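By written order: A, B, C and D. Residues from 1 in each chain.
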Amino acid sequence: MNSPTPRSGRRVEPAQLADLAPASRILAAQGVVDGFGHVSMRHPAAPDRYLMARSIAPALVTPGDILEYDLDSTALNAAGRDSFLERFIHGEIYKARPDIMSVVHSHSPSVIPFGLVAVPMQAMFHNAAFIAAGVPVFDIRDQFGATDMLIGNGPKGVALAAVMGRKDIVLMRGHGSVACGPTLQSAVFRAVYTEVNARIQHWSAALGGGAPIAALDAEEGRLADQVNQTAGMRAWNLWRSQVKW
Amino acid sequence: MNSPTPRSGRRVEPAQLADLAPASRILAAQGVVDGFGHVSMRHPAAPDRYLMARSIAPALVTPGDILEYDLDSTALNAAGRDSFLERFIHGEIYKARPDIMSVVHSHSPSVIPFGLVAVPMQAMFHNAAFIAAGVPVFDIRDQFGATDMLIGNGPKGVALAAVMGRKDIVLMRGHGSVACGPTLQSAVFRAVYTEVNARIQHWSAALGGGAPIAALDAEEGRLADQVNQTAGMRAWNLWRSQVKW
Amino acid sequence: MNSPTPRSGRRVEPAQLADLAPASRILAAQGVVDGFGHVSMRHPAAPDRYLMARSIAPALVTPGDILEYDLDSTALNAAGRDSFLERFIHGEIYKARPDIMSVVHSHSPSVIPFGLVAVPMQAMFHNAAFIAAGVPVFDIRDQFGATDMLIGNGPKGVALAAVMGRKDIVLMRGHGSVACGPTLQSAVFRAVYTEVNARIQHWSAALGGGAPIAALDAEEGRLADQVNQTAGMRAWNLWRSQVKW
Amino acid sequence: MNSPTPRSGRRVEPAQLADLAPASRILAAQGVVDGFGHVSMRHPAAPDRYLMARSIAPALVTPGDILEYDLDSTALNAAGRDSFLERFIHGEIYKARPDIMSVVHSHSPSVIPFGLVAVPMQAMFHNAAFIAAGVPVFDIRDQFGATDMLIGNGPKGVALAAVMGRKDIVLMRGHGSVACGPTLQSAVFRAVYTEVNARIQHWSAALGGGAPIAALDAEEGRLADQVNQTAGMRAWNLWRSQVKW
């Protein structure tokens, strides 16, 4: 990666960046993203900056594609390279939530239905434990009327972050979802298991004919999520071994 | 590719054709077509001609397999090579709709149910925005009685194009569907996301137990489809990198 | 392949056998069979003989694994090699139905439900047209009581063939299904599209909430199946290019 | 593999271990496990010992990763290597059930719903015949209240084994399942076909609209399971040929 320009807060050590391009490819390999979607991490040394690839399909990201952004989602070292239209998802969540260090935005098909009908996503198993805290749904129409559905500017990002509140996930009606975490690895883990959880809930709902599902309750979710923060690295290590960089 | 015969309107530059064989392979790689299905583009220099592969499975198409057709779907440079039985889908749509530059015909399994039961396909997310304009269903039985289900001649193609009308998609009962666009890349994008959209709608319908789905409305669809015409190239560039030619 | 022993009716030319091992691998590649399942063809020169692999997973079959059987399903050239327990499916169908030249037995998961609940399989699209003639269900329990569910002897094969009657397909409760055809390629084609058709019908039934499905009627099925006998070779040629031998 | 330390009961011949690492990779290749899950076998010469990989994703296990445990699930030759948190599943089942020689623990998404709603898993086809004996569901909450959902100590393993009783399978609410067998190959076979069976039952339940399913009864299950113990090796041989070691 090129060194950040002087406008940047601080230079990022290659080792600190070493997992961001693979994170993008992992999400593609796991079916969470396709030609679209993006993952970012807060700058490890400058909390008012974040790092994310230029506008490119997730499966193609290389370390040289990573740009540095301020929290208004202005690229600081683009050098003519395009940014994702929806980078404001990332910047506004980092502003609103100092505890969040990484953000994944995706359109995984199994998750989208939970933003389209009035059935809340619940935690079907321990790997998706963070869902047990609740999953808000953002409808861009409520505040902005008919739009292109995209979080294409700061105010829309602010509105999305507000609906997410203190949760680490938010669904977007007719669009996709966002999963966040205290580390890059955790955010990727949660995004992957949100997709798996959605498939399990589709099956559970159909099998039970709409009867209540014995999902994890909030306390079970809190306890299991703690374990995932460390045990989850076993999955990360597998996924990391399966992609480039 | 061989030069077109003198009967052809104009010679096609290789660079102009450079994406048509890959488009066919992309549709196979994305699960939109299997051993059957076809994609065509209007001749870039002669609007009364279109280009499409000879009769061959989509995953096997090479640039040398591309033939030139007039709008009655007569091959102009076949030199003994077979044409698809259903080429009239393409010719008659190009006749009826001068704004359409590319046509994809497929039998993707997730889409077929929407032509078999009285549940209209709706736009589940922004990538399938063009669906929000409405999805007509063509039943060949209405006009032609019991048939082999195929669009095997001009009149059947005319009838199909008439049911499609001003939309860019039409479902065919007990058969498959057609997706169209103002560019080859757009038609492929729409065919791929029609398939994804169908899966999302199956899940949404089951999850909601038949309750209304908060799909994109017509204006949201129109706005989001505009973005797809340009942002969609990010997906195309990924897919293009994953197939030969 | 070793030459058949003298007990065999006639020597089989390698060229005549050239598609049987690949047929087995095609069925595995298309997800119709897994570690189990088998495909046979009637001996091209001796109608009282059939050819089928020794007991081995379909994806591993080589031409050297093909054995010759009489219609009582006795291997004529086994030379110590094991036969499939359920070879009687093949022998008894060939006895009962001189018009059938090839038989596929499989346990594809999407098909099995139609043998477990009282919902008949219908033809969802033209590629599965042969299904429109009707799909009988064989319940081994009716005649044989509690068994290991397998067609492990001649009488069970006779009973299965009797339930199949003049159709070219039969489902087996709690077990799998059989698809037949007038050529090896046709039987494989039908087995593949039975699996696809099953998936489409699951989606259609759920989407329609149990309402009638506008499936192909018998005459549409008859007409479309005729086309499949020739146009189906386009799929075969693709599949054949994707497996060994 | 390193020789077991003196604390171990007996040295394990490499040939006896030769299938344990591949068993782990087979389960990954078949989609039964992802980054998590584990398979063990009872020590072939010391019934009070079992063998299982160190804490690592199943797809990455090599023979050198196999550790020896006593039935309290203390690793005897770890040499600093980490053990799975949930190894007590294995140790306590081996204690309670001398007839069981191998245990698989997994979180396959299709199986989890049967632990979340009040619909018992039934045997949909002969390959999953062992399920016909009945499938108990363990809810960790019943005895331990709100937890991290994991079998992280001996008492929780004891409780799980008690719910399993004389069956060879047990589901775990909000978590996953355990499948056991009299041989390593049998346990892997059962775990794989439990996953397939779950998918078939989802389709069957939806297709039948909740009507009774003509599943295998207990006697059919008993008879078919006997055949699987030997015929199942055909699938094992295929799977074994598809993974390393």
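Miscellaneous remarks
The definition used in the following text is that a contact is a pair of C-beta atoms (placed from the backbone, for glycine too) under 8 Å apart; a residue touches a chain by one contact, two chains touch by 3 or more.
Computed from a predicted model, the values in this text were never measured in an experiment.
Comparing the centres of all chains, each the average of its CA atoms, the largest separation from chain D belongs to B. Work out the mean CA point of chain C and of chain D, and you get 33 Å between them.
With centres set at the average Cα position, the gap from chain A to chain C is 46 Å.
Residues of chain D in contact with two or more other chains: 206.
Chain contacts in this assembly form a single closed ring in which each chain touches exactly two others.
Under the touch rule stated earlier, the contacting chain pairs are A-B, A-D, B-C, C-D. Across the complex, chain C is touched by residues 34-36, 55-57, 59-60, 85, 107, 109-110, 112-119, 139, 141, 146-150, 173-176, 201-202, 205-206, 210 of chain B. Those residues of chain B that touch chain A in the shared complex are 123-127, 129, 196, 199-200, 203-204, 206-209, 211, 213-217, 219-220, 223-224, 226-227, 231, 234-239, 241.
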